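Pasting the structures here.
Shared chain: chain A. Partners: chain B in the first complex, chain C in the second.
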Partner chain A sequence: MPVTRVLYPLYQLGNPQLRIFRPNWFLTLVRPGKEQPPDTVQFRTPMEMTKCDIKNYLVNIYNVPVGAVRTRIQFGSNKKRNHRNQKIKQPDYKVAYVQLAQGQTFSFPDVFPEKDKTPEEGSMEEMEQKFMEDEKQRQKLDPRRGGVTEWFGL
Partner chain B sequence: MAARTRLPLLFPKNLPPFRNQRLAHTEAAVKEPAYPPIIPSLTAKSKSARGRQVDEQVQKICASPVEEKISLITRIQRMKFVVYPQTFARNADTWYQHFTKTAYIPGLPEKYTLSPERDTGGEEEQPAAAQTTVPGVGHDGFTEIRSLVTRVILQEHWQLRNRAPFLYRKQEQTVGPFLRNLVTGLSFSLAKYNPLFLSSSLDIDPNVHFYWRRGQTIIPKGHRRGRQEPTRFQIDDRPNSQIRITEQLPQFISLEDSYAAEVQEVTLSPSVMPLFRRQYDNNMFTGAKLPDPACYGHTQFHLVPDRYHRDRMARLQQSDQVEVFLRANALTSLFAWTGAQAMYQGFWNHEDVTRPFVSQAVITDGKFFSFFCYQLNTVALSVETDANNPRKNLLWGTESLQLYDSVQDGEVVGLNDDVLKLLVQFLMNKQ
Partner chain C sequence: MTLRKGNRHFCILICQPHLYRETSPLAALSWCSPVSAVSQCRALHTTVSRRGLDEFFDLPENWGENNVKSGAPWTAKQLRTKSNEDLHKLWYVLLKEKNMLLSLEQESRRQRLQMPSPERLKKVSRSMFRLETVVKERETALRLLQTGQEKGRPGAWRRNIFGYAYWYRYKEYAIPWYMNKRYKRKRFFTPKFVQPHIRLRLEKHLRGKARDASLQRGSRSKLKEKFPQMKVSAS
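Moving on, here comes the complex of A and B:
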């Protein structure tokens, strides 16, 4: 067959609307590197998703009221080299900044909160910690020597 | 003949010793040592030298005439944020309020809200007629204006047969000419009531530009990395039409009363808004060049383009952004216009305005009219001058008011007299 103009399933005026029922795309919510306004949420999305796709995804699957979506593609560096001096490419990814509608705000939660390190009373951890502290205390030199080592003396 | 004189071996310093004792009872005039003032160097590689260079530049600008002032301030081109009055960005009005140090006050100033009470209080004979008159324009004048407005509406929407507009060109094709005809007709018919219009200038599709600095950022990359840099902004506006007058409009509130207003501060970088940076000529323009006698502004008229029309926003479920858009548009356009007017009078960053500059704007999309009043109290917005500046600029504004419902069978249905009255009052604003 001679090579004719091949048009992929692009949307042309009059086509039925393209619907995807079970998309194979997954969005990742990330903490923004630069400070964003309170109504902006930052996602890492697959490269094939467009702004309209992201909006429809969030509105229809997660019922999130989306105001505006802006995307950019982050180039993954190709500068590092391995032990064979071959260039190693970090993968490219698309970042989407989604502004929420209806005055909603979102702030990225603290995923690794600082925990209190005091162990409970009467547990193994407490006894272990106490034992280690005693050992460290025994290793220290006599404080009356004022920091002088034991090389000298009798 | 030194050998002939009999001089002592030790040559005395005072010779003869008692010659000056005549003046023994007077004290010698004590002259204070006059050293030159200790000022930092001009050419050294130090912060104080840089400070002195900046001071010298500021004094040079203060001492020069207005044309040179403008050219010295806008001489150097650097990357700046371009602020668009009609923007797609969400919640643009809070951002723009921070950039221009403007406080938004909902509703119009007392001048426009108190007059209906004065009308009904004074004329008690015909309360129905009193409601449809404007102080300064009689009942007949108002009916004349109403007929003019109906004529203009019918001209564009009923009598003229336009071909189907191209995509997103409907406002440009229909409402643009409607607004132009309205403004020209109204300014002509109100010239007999408002003497300011006799020597005023009506511009069609003028250019308004303004350039200013506000705030500081740290330069992230480059040979100047880590140092502080002022953020620069530029507004390039194209209102539909504007009226410029020879005398300044009176202020709405005194300068001191603006100290109490609150401006919303935004600590984030403007690029997050989103706002983009470019480098090109820094322009300051009111709509006419410097020697023009009509250098003060009266009213601007803006058109809402198809992209931001309320029907399209309703389709995209962003109806709440319509009012935000109108406010942001009025804020930036009026700030640019009043700022350029102040610039033409010689006020700039380091020489703050001594009197407030006042202008008005009407933004419309054909059916819905919003009225805004702006008072510029300060131009000193950069970091050094803003540190102890309690003055704020003020913007008063209304929600959108519908002028008419529809045009049917050659008749304008539901013409709202209140909106017309407000429009006439706006144009009647004089000394």
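Moving on, here comes the complex of A and C:
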């Protein structure tokens, strides 16, 4: 359900500063594909945002001290084809490389660490796990057969 | 939307409500209206949360979980009870939450793992949409009271070359319309040679309507034949 397209007023020299309430732009922090310097953070931004927009966004909403912002537009491929041989377009997106000021560094954290998944006593997950283990045990053949399948009679 | 450099500022009240994000933004907004002892002065809002770039990620306890619990999305009815300041703050809370979820989704795609509870994105988007509608309602009401105009953006009913009348919304230009070559090429009237096409279109539409009506009549008469006691629905 998208928000309808907003038309911003035309800017001419001498106009007052445009203030935006409730910006409808979302930044995605991504892990850099290539090795980046320690103070550089990589974002995927909407195509309409400029370097100044990104700087103001991060400074005002996230209180992040931003030094420099560099942007580029990544072309989404139009080469793949679907089962009807029609070309499928991958959407284009803008990538922003933000360098933090005041000597701050940022490293992309590991958001999917290996967690020890032992369910607590008396819980639903524990009962489910026990049930699944029992089922798997029933499906296994007699160990005395020595790995021979049921196809061989007797 | 290519405006000049440096002419967009974001107006946010400097209140970030939580030190740590214990409750998700989809819970009830009980913390957002502080009770002040002195009734004359406004409550002071100070920036409490200074996590910076950590706000693009979930709380560290939720990393690696399969399901992250979250509440129901905001409904328009609930949002209409909130004040303008509350809605303004809530917009930014939802914005940050959506940024966090988008970052998580992208990272899960990169690591080729499933994103925990992807329904949160939908909930947040719907909440933001409803917030926008509530704010628009309030703006239209205020505009009606102050100026008598219902719409913020001026427009007019115009007829395009195909014979259709539509609501043309005005756009802001730096030059007047008689100097705008591209605008002058656009014709807001129906030329004479289009009239036969309009007539054919009208005939097609009427034929279609007549066909639907006869189909309905035929099916109803067949049903009446089979089931004579059937009550005919009023339509």
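Simple rule for what comes next: the second predicted complex is superposed on the first by the 104 of 154 C-alpha atoms of A that agree within 3 Å, B and C clash if a C-alpha of one lies under 4 Å from a C-alpha of the other, contacts with A are read in each partner's own complex, and residues count from 1 in each chain.
Just so it is clear, contacts are C-beta pairs under 8 Å (C-beta built on N, C-alpha and C of every residue); 3 or more make two chains touch, one makes a residue touch a chain.
Please read all numbers here as calculations on a predicted model, not as lab measurements.
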Query raised in the report: Looking at the combined model built on chain A, do chain B and chain C fit side by side or clash?
Result: fit
Query raised in the report: Now for A:37: first (chain B), second (chain C), both, or neither, which partner does it touch?
Result: first
Report task. Determine, under the contact definition given at the top, whether A:106 touches first (chain B), second (chain C), both, or neither. Result -> second
Query raised in the report: When the two structures are overlaid on chain A, which partner does A:94 contact: first (chain B), second (chain C), both, or neither?
Result: neither
Report task. Specify the partner with more touching residues on chain A, choosing between chain B and chain C. Result -> C
Requested in this report: Could you tell me if A:70 is touching chain B, chain C, both of them or neither one (first, second, both, neither)?
Outcome: first
Requested in this report: Could you tell me how near the closest CA atoms of chain B and chain C get once both structures are overlaid on the shared chain, in Å?
Outcome: 12
Query - Touch list for chain C against partner chain A, complex - result: 1-12, 47, 50, 52-53, 55-58, 63-65, 88, 91-92, 95-96, 98-99, 102-108, 110-111, 113, 125-126, 128-129, 131-132, 135, 153, 171-174
Requested in this report: State the interface residues of chain B toward chain A in the complex, per the touch definition above.
Outcome: 88, 90-91, 266, 268-269, 272-274, 317-318, 320-321
Query raised in the report: What part of chain A is in contact with chain B in the complex they form?
Result: 34-37, 39-40, 67-68, 70, 99, 101-103
Query raised in the report: Which positions of chain A touch chain C when the two form their complex?
Result: 1, 3, 7-12, 15, 17-23, 26-31, 41, 44, 48, 50-53, 56-57, 60-64, 106, 109-115
